[in-house]
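In the two complexes below, chain A is the common chain; its partner is chain B in one and chain C in the other.
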Partner chain A sequence: MSERMAIVGLGYADIRSCTPGISYKELMYEAATRAYDDAGINPRKQVDSFISVSEDFWEGTSIFDEYVPDQLGAALRPVHTVCGDGLQALSCAAMLIETGQAQIVAVEGHSKHSDMCTPHHIHQLAFDPIYHRPLGAHPQHLAGLEMARFLHESENTREHCGLVVQKNRRNALKNPRSVYGSDLSLQDILDAEPTFTPMGVLDAAQPADGAFVVVVAAERRAKALSTHPVWIRGYGWCTETPAVDSRSWGEAAYARLAAHQAYRMAKITAPARELDFAEVDDSFSYKELQHLEALDICPQGAAGAWLQAGITQTGGEFPVNVSGGSLGVGYFLEASGLMRLTEAVLQLRGQAGAVQLPAVRRGLVQSWRNLPTTTGCVVILERADGRE
Partner chain B sequence: MLSKLTTSAQTRQWPGHIPVEYVYTAGIAGEAFLRALKDRGMLLTSQCPQCQTVYLPARLYCEQCFEETKQYEEIAPKGWVHTYTVAHVDIDGEALAVPQIYAFIRFGGTNGGLIHRLGQTQPHQVSIGMEVEALLLPGKERTGSINDITCFQPTK
Partner chain C sequence: MTVNIKQWPGTALATRDLEQGHVLTVKYKPRAEYAWDAGVAIARYLEELKAGRLIARSCKQCDRILIPPRMFCEECFRPTDSWVYVEDTGTVNTFSICHVRWDVVRLDQPQLPAVIHVDGASPGMGILHLLGEVAPEEVYIGMKVKAVWEEASRRQGSITDIRHWKPWKEE
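And now, the complex of A and B:
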């Protein structure tokens, strides 16, 4: 990377299953005020550019990007919306800084999932209207198809997927920024109501409301603003293909290619050795295993065995989703990547509270845009130089 | 914020309804695919002249090479189950009285496939690799839709 940059501000608000007492604008406003306070900046004077992530159908408002400036302090300022995951927006912020276009950029993502009365019907609008949508199926049938193929092709098992749910929901019990923490036995998970076999109802992350804002600054500004900047060492993103007829069914090619880009930038050649922890997409239980393999953190087919051996548990050699992930914290639509980023930044600042890992220096964050997409993003973070 | 709503009785909602209606054009290759299905009960493929990838459904261009595909060819709707799932829940999240099987089906000589319903079978009888064929609506009832295929069923 030509320009060093760091995350210097972090704010989040109202992480819960339902938020009838606050509007989406107020939700964003609250997260933004906290992030600007955390960074010690006045957004009206010091933020050069603002980026929000949203998807019109999730919001219930067309051309939603016009509805974001005022609650972010971005009126009459450069602002744009990324119709993608929060980590794609973070990558845009990094590019604005690398090109010298901006010194300080604010990135926002939110979920007001509880405002949707017909979420599965809205979600179904993301499926191909000619060849796929006319079947009229619940969107998660695609996850069932993918999980079955993934398990068929790999050494991982249905039980390993259940252990992912158990781990992440237990991890979330210790994380106050979560909605779905619980202590389940493996049998509870395997016996849960089947939804789209081999998936059961507990294998899918459940939705949550919330907003997340991060402030990114170029090196010179970052050092002046923050005593604990978290450096962005690499980032990458990739989309495979929207077509179900030509995508890879067994592996997450998008995550593999996004990771290559981020690893190249961060000069990482042995991820499991050079990184200390990861927050990866676990929107469905099997996705955590599939993603860990695509990210080259563990060998192909070994993610389940790693979990069973305790390696990816909180006390293990390579903790994964210590926060609880989406299975434990919740699924935040396009803000899901920023939820993972928030948790990773708190870890690297030493501010993760009861889920804090000891002596972590470098971590990976990975997102996936959920069904039916094949889009993923990877970011490599490193803690402040002063603590090295 | 200085204060927040503190009782649920204070919360107000505005129920909105978005009437979303579209016509989706199938395009040049899509039109040909749907016509082959409707008129002849066949599946249309197209091949990339550069990398030889065979698309099913037929596409106008290759996503690997960005070349226009050539060599349109019809094949019989017979293939095998690449992966399958048994759905117990409908799109409203309600339990289905009878579980519905969905599968991604691959077809010989192509690199593509279709997601569709599996019928005339039971969940415990389905396996990856199982050979299936399309059960089509009678010719006169077909409209040029993917639903002209009622379902795929085990090959007789």
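And now, the complex of A and C:
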């Protein structure tokens, strides 16, 4: 990276299963207010550019980008939306800063999932209208297909996937910024209602509402603004073919390539040794295992064994999703990456509360845009007193 | 297409080819249904419409009265301060004579959407609504208008609780 930059502000609001009584604008305003206060800035004067992530169909309003400025302090200012995951927007913010066009950029993502009456029907519209939609399968059947192939190709097992659910939902019990904390036995998880076998109902993350805002600043501004800046050391994103007939079902190729890009920038060659923890996508139980392998954090086929050995547990050598991940915290549509980023930044600031890990210096955040996509993004973060 | 091309390449496609199934067609009826939380500002606004009143929010910092109301001031980026009732009269800021409806049906009686600056709200603060009880050629920018409310029993907490705005002379 040619320009150093850091996250200097963080705000989140209303992480709940549903948020009756407030509008999406009021939700976004609340998170933005907290982020600007955290950064100690006036958005009307000090933020050079604003980015929001949204997908028109989730919102129910087309050309949704026109509906975001007021509640972010972005009226009559440079603003655009990214129709993708929050970490893709963070990458856009980083690029805006790298060009010199902006010194301070605000990135927002929100989920008002509870506003949707027919979420599965809306999700269905993401599927190819000629090849795929006429088959009439529920959107999550793709996860069943992927899980089956992943387990077939690797040494990971159905039980390992169940352990991911158990770990993340238990982790969330300690995290007040979460919705789905629960203490389940492995048997509870394996016996749960089958949905898209080999997946059961508990293997899928459940939706939640919430808004997340982060403020990113170029180095010369970051040091003045924040006593605990969290540096962005690398970022990358990638999309594999959308074709469901020929994508790589067993491995998460998008995550592997996005990680390569981020590792190259951050000059990381041995991720498990050089990183201290990770918040990775676990929208479905097997995804955490698949992603850890694609990210080269653990050897191919070993993610389940690592979990069983306690390595990715909170007290282990490489904790994964200490926050509770999406299985424990919730699934926030396009804001999911920003939820993971928020948790990682809190860890590196030492502000993660009951889920705080001791002495963490460098962490990885990875997102996936959920079904039916093959898009993922990776960001490497480092604490202020880390390696220069 | 350039004039040098004398003959169209490919095969022409007519509506009947689609209707008669000569080409592949896909029919799909989306079920995209939403129940948006109105939130604090819009909910109160709609409740007041049902009661036959227009309500706004004030911002102390920029000294504006904002309608439709919002819980934050987009200029000052701070919470707005209080609820303020405003008049159901105003001034036409801009209008258009629409000969075609939203679903492209041509209209005998043109529709008259207008932005109405509401009396009691700050300059530039208005609502988009419809004009009525006026001939299209008589509408002008700067015209004073007054809301014509739906009968109380028929109001349902919607912007259509105002039927339209009609020309009005200040007493």
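To be clear about the criterion, the second predicted complex is superposed on the first by the 385 of 388 C-alpha atoms of A that agree within 3 Å, B and C clash if a C-alpha of one lies under 4 Å from a C-alpha of the other, contacts with A are read in each partner's own complex, and residues count from 1 in each chain.
In the analysis below, a residue touches a chain if its C-beta (ideal position, glycine included) is under 8 Å from a C-beta of that chain, and two chains touch if they have at least 3 such contacts.
These numbers come from a predicted model, not from an experiment.
Participant: In the overlaid three-chain picture, which partner chain does A:121 touch, first (chain B) or second (chain C), both, or neither?
Facilitator: Both partners, chain B and chain C.
Participant: By the touch definition at the top of the document, which applies to A:44: first (chain B), second (chain C), both, or neither?
Facilitator: Second partner only, chain C.
Participant: Just to be sure I read the superposition right, which of the two partners does A:75 touch: chain B = first, chain C = second, or both, or neither?
Facilitator: Once the two structures are laid over each other on A, A:75 reaches chain C alone.
Participant: In the superposed arrangement, does A:22 touch chain B (first), chain C (second), both or neither?
Facilitator: both
Participant: So in the superposed three-chain picture, is A:112 touching just chain B, just chain C, both, or none of them (first/second/both/neither)?
Facilitator: After superposition on chain A, A:112 lies in contact with chain C alone.
Participant: If we overlay the two complexes on their shared chain A, which of chain B and chain C does A:130 touch? Say first, second, both or neither.
Facilitator: Both chain B and chain C are touched by A:130.
Participant: Go through the superposed model and pick first if A:306 touches only chain B, second if only chain C, both, or neither.
Facilitator: neither
Participant: Looking at the overlay, what does A:249 touch: chain B (first), chain C (second), both, or neither?
Facilitator: A:249: touches chain B, not chain C.
Participant: Any idea whether chain B or chain C touches more of chain A?
Facilitator: Touching more of chain A: B.
Participant: Let me check the overlay on chain A: which residues of chain A are in contact with chain B and also with chain C?
Facilitator: The overlap between the chain B and chain C interfaces on chain A comprises residues 20-22, 26, 29, 60, 117-118, 121, 125, 129-130, 134.
Participant: List the residues on chain B that touch chain A in their complex, please.
Facilitator: 1, 4-5, 8, 10-11, 13, 15-16, 18, 20, 22, 24, 26, 30, 34, 53, 55-57, 63, 82-93, 100, 102-104, 111-117, 123, 128, 145-147
Participant: Tell me, which parts of chain A touch chain C in their complex?
Facilitator: Against chain C, chain A makes touches at 19-26, 29, 33, 36, 42-44, 57, 60, 69-71, 73, 75, 112, 114-118, 121-122, 125, 129-130, 133-134.
Participant: In their complex, what parts of chain C are in touch with chain A?
Facilitator: Touch list, chain C to chain A: 24, 26, 28, 30-42, 70-72, 74-77.
Participant: What residues on chain A touch chain B, complex-wise?
Facilitator: Interface residues on chain A, with respect to chain B: 20-22, 26, 29-30, 60, 117-118, 120-121, 124-125, 129-132, 134-142, 144-149, 152, 193-199, 241, 243-246, 249.
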